[in-house]
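The same chain A turns up in both complexes below, where it pairs with chain B and then with chain C.
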Partner chain A sequence: MSVVEISGLRKHFDAVRAVDGVDLSIQPGEFLVILGPSGCGKTTLMRMIAGLEKPTAGSIHIGDADVTELPPRKRGVSMVFQSYALYPHMNVYNNIAFPLKAQRREKKFDRATMRGKVEAIARLLEIDTLLDRRPRQLSGGQRQRVAIARAMVTQPAVLLLDEPLSNLDAKLRANARDELKDFQRSSNITAVFVTHDQIEAMGLGDRIVVMAEGKIQQVGTPQRIYDDPANEFVATFLGSPSMNILRAQSHRFGFRPEHFLPKTLQDNPNNSVSFDYFVKRVEYLGSDRLIYGYVGGHENELTLAKVPSNVRAALDIENEYEFAVQRENIKYFHEASGERIEAQMAGADW
Partner chain B sequence: MNVLGFVLTNFWSLLVLAFLGLVGLRIGWRARRYGATRKELRYVLRRSPFYFVVLVFCFFAAAPFFIMFLHTFKTDGDLYRRPQPFVYRQEPTLEHLDTLFNNTAYLDFIRNSVLVGVAVVIITLLLSLPAAYALARLTGRWGERAGILMFLVYLVPPTLLFIPMFRIVVLLGLKDSPLSLIVVYPSFTVPFSMWLLQGFFKAVPPELEEAALVDGYNRVEAFLRVVLPLSLPGIISTVVFAFTLTLHEFIYGLVFIADTSQRTLSVGVPTELILGDVYFWQPLLAAALIVAIPVGLAYNLFLDSLVQGFTMGAVKG
Partner chain C sequence: MGRLSLGSFPLDNRRLIGALFLTPALLYIVLLVGFPFILSIAFGFSDVTVGNTDLSFVGFRNFLAVWENDIFRQVFETTIRFTLISQVFILIFANILAVIFTQDFTGKWFARFIFILPWATPVSLAMIGWLWMLDTKYSSIDYLLLQLGLLGRGGLLSDNRNLFWLAAPDLAQISVIFVQVWRMTPLATVILMAGLSSIPTDILDQAEVDGSRFMRTLLQIKLPLILPIMVIALLFSMITMFGDMTVVYVLTRGGPVDYTRVLGLYSFQVGIEGGNLAQGAAISLFAFPLLLAMAIFMLRTASRAEVR
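On to the complex of A and B.
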């Protein structure tokens, strides 16, 4: 039984197909990350789940109910906006209590219950000392917690998060990521998190949905998506530096820079494919050496290798070395569609 | 002789300058005694020209009011004496205020103006708040065109409209009644206020409304609970603007109402106190001053939001 069931969802803005046929089911208690480059339709998809955008076609079910035509307030979802969208004219307490005040008209509960709920969630997020402040008196991290508290106080079925970490500075971001994950796990809430940052996605997601051009490219665990990409887009979008893609006669193949190592370092040299690698430039990055060069027979295709710094082997520029990749680390892609194909189908001749 | 002439003709300005100089010296001396360092004094000196310029502007702004105030109490003898004494040669008199309040319908004018102003402001807000909100959020092509079209209405001058409007007023049976103005004034206050408010509403991020929608409110509630409180400075300045617009409107007020006791300030005062080519200067100035003071205070109180209103209309409208 899934919490959110999306089928055939489309959203067209005039000629632009922002979301172009998405089917997705979100499981209870999972942390689902929607990852994609800007303009891929991930935010539009989330806004349709929230009810802020009306789908052109398709349906959305939350729980047992078809919510496709319902306004946001009747969906039982809550959302953390990229800018946090805290109400500047209310203090933190009233910001958090704002959704409860809306509920108070239907579910009768008294002021003390409301205060109790607000204080409980504030304590959980460690903002209980800030309840009298205005949003502009808070730091970025505090604002983010207030936004999460406001979204969580009604115990929604689904928590939607629209790039909530992108307004924090890099140092705070890692910390906030950690706390967010802890909080989600302990409260066991279903969370949908939209981001364009692959590190965030890999770190937070139980499952990742990779989107491009309004379509879902692949759904899977972070490891699955990284190790077993469904197509060339997913393969090159994840990973930094991205996968090397080389052209063969009837297909393309690729391998990740960290799998491209001197042949002598391969665990199982017999099961590897060797290339003559001409080194053009070496960048020392501390933990790794990043090598720019090209492979014999592919002189126009820049190929990168990421060699751990503890590998002392001399790698000098303008020199040629024998590099290799394990067979299972080479992925093959269809020439026209970019879809993954098997090695036999590609006719790999090594 | 030349120097003496210069001093005599610029007597007042020189006096002010000398006074300012003395004040400056005294402040500096005191500050030194209380332990201000040279650096701090230099800072004050560096900032002084700015405040001096501000002071000059203040003088320009305030002088007319001061002169109006002086003239209110001048006898005719002082007023028409040449050269005119800057202050009083003869005993100041309350005679002109007496004329204004007891021999003209000045209090009726004030009452009518306030009545018309308040009623028009209320009608204007009721119409322009939802209209401006719709225009601010309907950013599609025809939304903006509709906004421009409505603003064009504001640009049609009353001199073109007063005759057809008069026919309408007569048809409605509102001739000689301030009600006629309450009906007609929104024709220019609404487009103007709508334009102004639109700028303020556009400055409220749509995300805040969306947050309210997700938090369990409908669109109207989101508008009332989030957008309105955040645009309060804009609404206040709109109220002040709309009110002043009604206060100084002349031609409709003149044409629609012939009955003196039903007239508003802007029409009543000049028609009562200018007879042919005879200007009753002292009661005229007094009448202007008395209404100008509360309006001036209101403008001052909301100065920041007024400035914001102007620039926002200019940049975002």
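On to the complex of A and C.
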């Protein structure tokens, strides 16, 4: 059984369709990442799950209950905002205790129980020595933990996280990502994490929901989404540098720069498709060489190749080389809709 | 020319343009605040009158004379009492109205506009309006009460056809305080509204997800966060009111007897109408150290409460 069941969910702001028909079920204990460019509706979707926005149409179920019309406090969800939204005038203890105090009448617990809960979650997140501090006296990483502690103290059915890592500096972020994943796994909480950062999404998500223009483009494991994109948007949105897309007569096809290598390096040259590749510029990136050029017959379409540095083959600018891609690494897309199509349908017989 | 020469045009000179931008403010402060202030200090320590404008130094004689004057003491006490009582009401009303005006409802723009009018109207004009409404004989408020049967023969409030708003000691004081509250609440409200809308929406959304309802969010989140701004609003309206004379000058001239005489008016009556410039100056200067101490104290409190 799923924890959250969303069906036919829409949110229109006047003419803008922020969320335009979303169906999604979230499984217990999973780490679900909603990934998409800014303005794709991912934050609006999360705010509707939290109850901060009222849907234009559709329904949201959490557990057994239809919560579509319920206010946030009756949904059993909690949320960590991008800014952490700590109450600046309260110390850490009171910040974490705030949701408990707010729900005290419904949940009926006394002061001692409350203190016990706050201290337990603070210990778990290793902020139990900071309880008397004010938010401004904390580092970015500590603030994040306080925000998570406050969200977790009520033992919510779902924890919603709105880009909580984007306020941390790059060095701290990798560490915080790791801790967050550990914490989610050990507490077995169902987490929904919104981000526009594909590396965060790939690293954290048990499943990823890719959104664009208010619609879900694809739902799947990170590997599935990367290796088997449902359409051209997903194919080009994930991966850096993004997938090369080339035009053919009645369709488009694409392959990732790291799959585009000199023919001699292909494991299985007989099962590959060859291209004449004209090298225009080479960037040395340490672990890889990033090559800018174009393939024969597609002189107007910039095509990139990412060649590992341990490949010593000479690749000089203004020269032409024979490059190839494994057949299964070429994806075909419908000309009008951008949906994935099979190689046979594309009429490709390399 | 190899590069753009920035110093060629006179207005590109940083020092010149800086001076140019500061001059109007500086002129205003020096001519309309600084000069009269220095002059009143000079007057306060001299024996100047309207008839004899020679300034000769007399030390603290004016201040001592004023302090030993029973009328002055009563005026001083009235001023403080009026100011404090009206601040309480201003704060309560301003908080309620600011919360209302920062909610979403239809006609909000119009309601805000109507509401700001008391503050946007010139004080003297507004006071003439109030003078009519509170008139001893032709008061429109009395007329309404009369129609409702609360005044006149067998009326609940009085058998008389009038309440004598500005002539009865208690009612006159209440009227003056009420009009002051009416006049000062909009400014305090606007300042508090600015404070409320400066609270990050994330914080309020967080409070909502945390399960907090309206009153808890108001008392435990919103009000503590706008406390520093509330102190500023209070300071503004207190200082304005403490030195004000227009309201009582138009409505009561300090009467009946001395019941509504406040510091600003008394200083004007002694100094200008009575011609004793030196004593008038000394009276108005009595408020200065008090207001200064209050301003320092409140601004310190505000900056200490500043948490963001």
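Note that in this section the second predicted complex is superposed on the first by the 350 of 350 C-alpha atoms of A that agree within 3 Å, B and C clash if a C-alpha of one lies under 4 Å from a C-alpha of the other, contacts with A are read in each partner's own complex, and residues count from 1 in each chain.
The criterion applied here is as follows: a contact is a pair of C-beta atoms (placed from the backbone, for glycine too) under 8 Å apart; a residue touches a chain by one contact, two chains touch by 3 or more.
Source: prediction; values computed, not measured.
Annotation for the three-chain superposition on chain A: chain B and chain C clash. By the document's definition of touching, both partners, chain B and chain C, reach A:A102. Residue contacts after overlaying the shared chain place A:L52 against chain B and chain C alike. Once the two complexes are overlaid on the shared chain, A:R136 sits against chain C while remaining clear of chain B.
When the two structures are aligned on the shared chain, A:V77 is found in touch with chain B and with chain C.
Chain A residues in contact with chain B (one complex) as well as with chain C (other complex) are 50-52, 71-73, 77-79, 81-83, 85, 87-89, 98-99, 102-103, 150, 154. In the complex of the two chains, the chain A residues touching chain C come out as 47, 50-52, 71-73, 77-79, 81-83, 85, 87-89, 98-99, 101-103, 106, 134, 136, 150, 154.
By the touch rule above, chain C contacts chain A in their complex via residues 200, 202-203, 205-213, 216, 220-221, 224-225, 307-308. Chain contact summary for the complex, chain A toward chain B: residues 50-52, 71-73, 77-79, 81-83, 85, 87-89, 98-99, 102-103, 150, 154. Interface of chain B with chain A (complex): residues 205, 207-208, 210-218, 221, 226, 229-230.
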